[in-house]
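Across the two complexes that follow, subunit A remains constant while its partner is subunit B and subsequently subunit C.
Showing the complex of A and B:
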């Protein structure tokens, strides 16, 4: 198996575990959003089927890294998650912007109050991490025509960039009413720049910047979860009215994706 | 007068004792002590191991920190459960609760990062260093602030405590509910004597 182990697990086992965790986290927010809209379309159940299979497959592949059946299952679940995420993106775009009153003329309004446009792509990205994990566990050194390390760091950069954009829109909707709402625009945004820098011109300074900013992004994820929890507390009734405020408050688990992407990036930099 | 939860009589047999077992009490205060004790112990063990150059103390520092990281998951989840059961009205107490909730996850993030750092040191066969000890001391300070907020919630505002304890036999239950949690006369939590309903 490729890479250096950390507490007995190889890099792609870590990637598998982190893929499963991130998928669980994003399904939590997807459930809140789809439940809030009343599951009006059967397609709204799709991410839970695809995501659920991806979680199981990623865990199995990490636990049994040498098993061919686990690798095959992860590959299948990864492709299913990618397809579901892309189709979900099209659904969110169509029903969240095109079909809404005002359509594209009210684009900013739709982006803020409609279905989160980039959220389904997080599932697609988790699927891509699953595919890379399956390839890596099978001993592959290339992914989508790139060296595995570069490919994974590029996926991390894309993931963090998407999370920054989505949080920027939603925090703008919240009028940046707390200074901490600027946090996703600081270290995570700089981490994307550093990752691109390290990919284009690898060097010690670029790598050191990537490491520092990925650690900072990991912490931003936890700070975000704490602040979103505080956000529930600021809603009428706080967590005593937990279900209502979970549905109407800030997305509970979204900041954890920052921590998840950063953790994948750190595992790649340190171990691969 | 007996509290509503008091069924009366001395417990004299196991069957009756089992009937009285309830899991309604908050478990957050139990797990909190694991987090505080294990993190503090890790700092002390690692600092002593560093100054006295004893590898056995460093090993204890590593495993207590790993233990803290695992147990704190339970601390955070039971804390969330407690927050969903606390009917705290808007005001000073709820501000404490919000700060406590936010800082809790910030602390957990720092703890996870410190644990990963500590485990990488262990894997590479390195001992702890000044920067590590300083960082762990800073994280312990955050934990202390977090513990203070939690302590104030319980001991100043009575969150999950007031109206939950059982009165001693023969002693009238006259303690008023704290006004910041349940303002007098405005809530069903207020004691009957305060509402003029006592017989």
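Showing the complex of A and C:
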């Protein structure tokens, strides 16, 4: 198996576990959003089917890294998640912007109040991490035509960049009413820059920047999730109306995706 | 006359089931408990006025599906509003202050009833005749000199009718009929679009 083990697990076992965790996290928020809209379209159940399979497959592949059936299952679930995410992105765009009253003329309004445009792509990305995990666990060293390490760090950069954009739109909607709402625009945004830098001009300084900024992104993710959760208790009615505040408030777990992407990046840099 | 029939579209909804749910808080419970258990005695109106108003209320918001005991009380709450002289914060210039408007209005209804139906009091009339009297007042052309001192149409629409309807729909039994969950506080609404019904709201059948 590739790479150095950490706490008894090899890097691709870690990416498998992180893929499962991130998928669980994003399904949590997807459930809040889709339940809030009342599952008006049957397609809104799709992420839970695809994501659920991905979680199970990624966990199995990490637990039984040598098993061919687990690898096959993870590849199937990975592709399904990628497809679901891409189709979901198209749906969110069509029903969340194109078909909404005002359409593209009210783009900013739709971006802020409609379906989160980039959220489905997080599932697609989780699928891609699943596919990379399957490849890595089988001893592969290449992924989508790139060196495995470069490929994974590119996916991490894309993931963090997407999360930065999505959170920027939603935090702008919230008028950055808490200074901490600028946090996703700091370390995570710089981490993307550092990852691009390290990919284009590898070197010690670039790598050191990547490490520092990924650790900072990890921290931002956990603190952010803590603040979102704490917010539910601070809103009017607090946890007495927890369901309401959960549906109406910020995505409860979304900030943890920053931590998830950063953790994948760190495991790649340190272990692979 | 055809038997009056009332059907609600929220057949299985009882807003009192919300009593200890997150939809209500102590403030809501206190207000609703008072409406259910502490109906005030009539102190402002005299017996004749109260009798007239009861008969008027029965024509404006009939409750044929409820027995005498089970009806939403309306006269006592209007009476309390006038007894404590809690005003609306505005007044139409053609109307006197509320206490005077109500006294005059109820006297005017009696006067019109007597003029139109051989000296009978309003509460002794049959429902159709009562509607004739109220129709004259609503259109602003009732017989009786009281109405020279009070704008009949204005009193009917903007004092009598609105107060009666507001009082009716302040009661949980009326909330059941329209699937209203009570104040949207502390729990608000999330499905805020046309036709959006929140998971904790009444379903329309």
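Rule of thumb we're sticking to: the second predicted complex is superposed on the first by the 272 of 272 C-alpha atoms of A that agree within 3 Å, B and C clash if a C-alpha of one lies under 4 Å from a C-alpha of the other, contacts with A are read in each partner's own complex, and residues count from 1 in each chain.
Everything that follows uses one rule, which is that a residue touches a chain if its C-beta (ideal position, glycine included) is under 8 Å from a C-beta of that chain, and two chains touch if they have at least 3 such contacts.
Just so we're clear, the structure is a prediction, and the values are computed from it rather than from any experiment.
Aligned on subunit A, subunit B and subunit C: do they clash or fit?
fit
Between subunit B and subunit C, whom does A:248 touch in the aligned arrangement: first, second, both, or neither?
After superposition on chain A, A:248 lies in contact with subunit C alone.
Of subunit B and subunit C, which one contacts the greater number of residues in subunit A?
Comparing subunit B with subunit C, the partner touching more subunit A residues is B.
Which partner chains sit in contact with A:36 here, subunit B, subunit C, both or neither? Use first/second/both/neither.
It touches subunit C, and subunit B stays clear.
In the superposed arrangement, which partner chain does A:240 touch: subunit B (first), subunit C (second), both, or neither?
So A:240 meets both subunit B and subunit C here.
Given the superposition on chain A, what is the angle at the CA centre of subunit A with arms to the CA centres of subunit B and subunit C, as a multiple of 10 degrees?
70
Which value in Å is the smallest Cα separation between subunit B and subunit C when the structures are fitted on chain A?
Minimum C-alpha separation, subunit B to subunit C, in the superposed model is 5 Å.
Touching subunit B in one complex and subunit C in the other: list those residues of subunit A.
Touching subunit B in the first complex and subunit C in the second, residues 240, 242 of subunit A appear in both lists.
For a test of understanding, state which residues of subunit C touch subunit A in their complex under the given definition.
Touch list, subunit C to subunit A: 22, 25, 185-188, 190-191, 196-197, 199-200.
Where on subunit B does subunit A make contact in their complex?
These residues of subunit B touch subunit A: 80, 83-88, 94, 97-99, 101-106, 108-110, 112-113, 119-120, 123.
Which residues of subunit A touch subunit B in the complex?
By the definition above, subunit A touches subunit B via 6-7, 215, 218-219, 221-223, 225-227, 229-230, 232-234, 238-240, 242, 259, 270.
Within their complex, state which residues of subunit A touch subunit C.
The touching residues are 35-38, 236-237, 240-244, 247-248.
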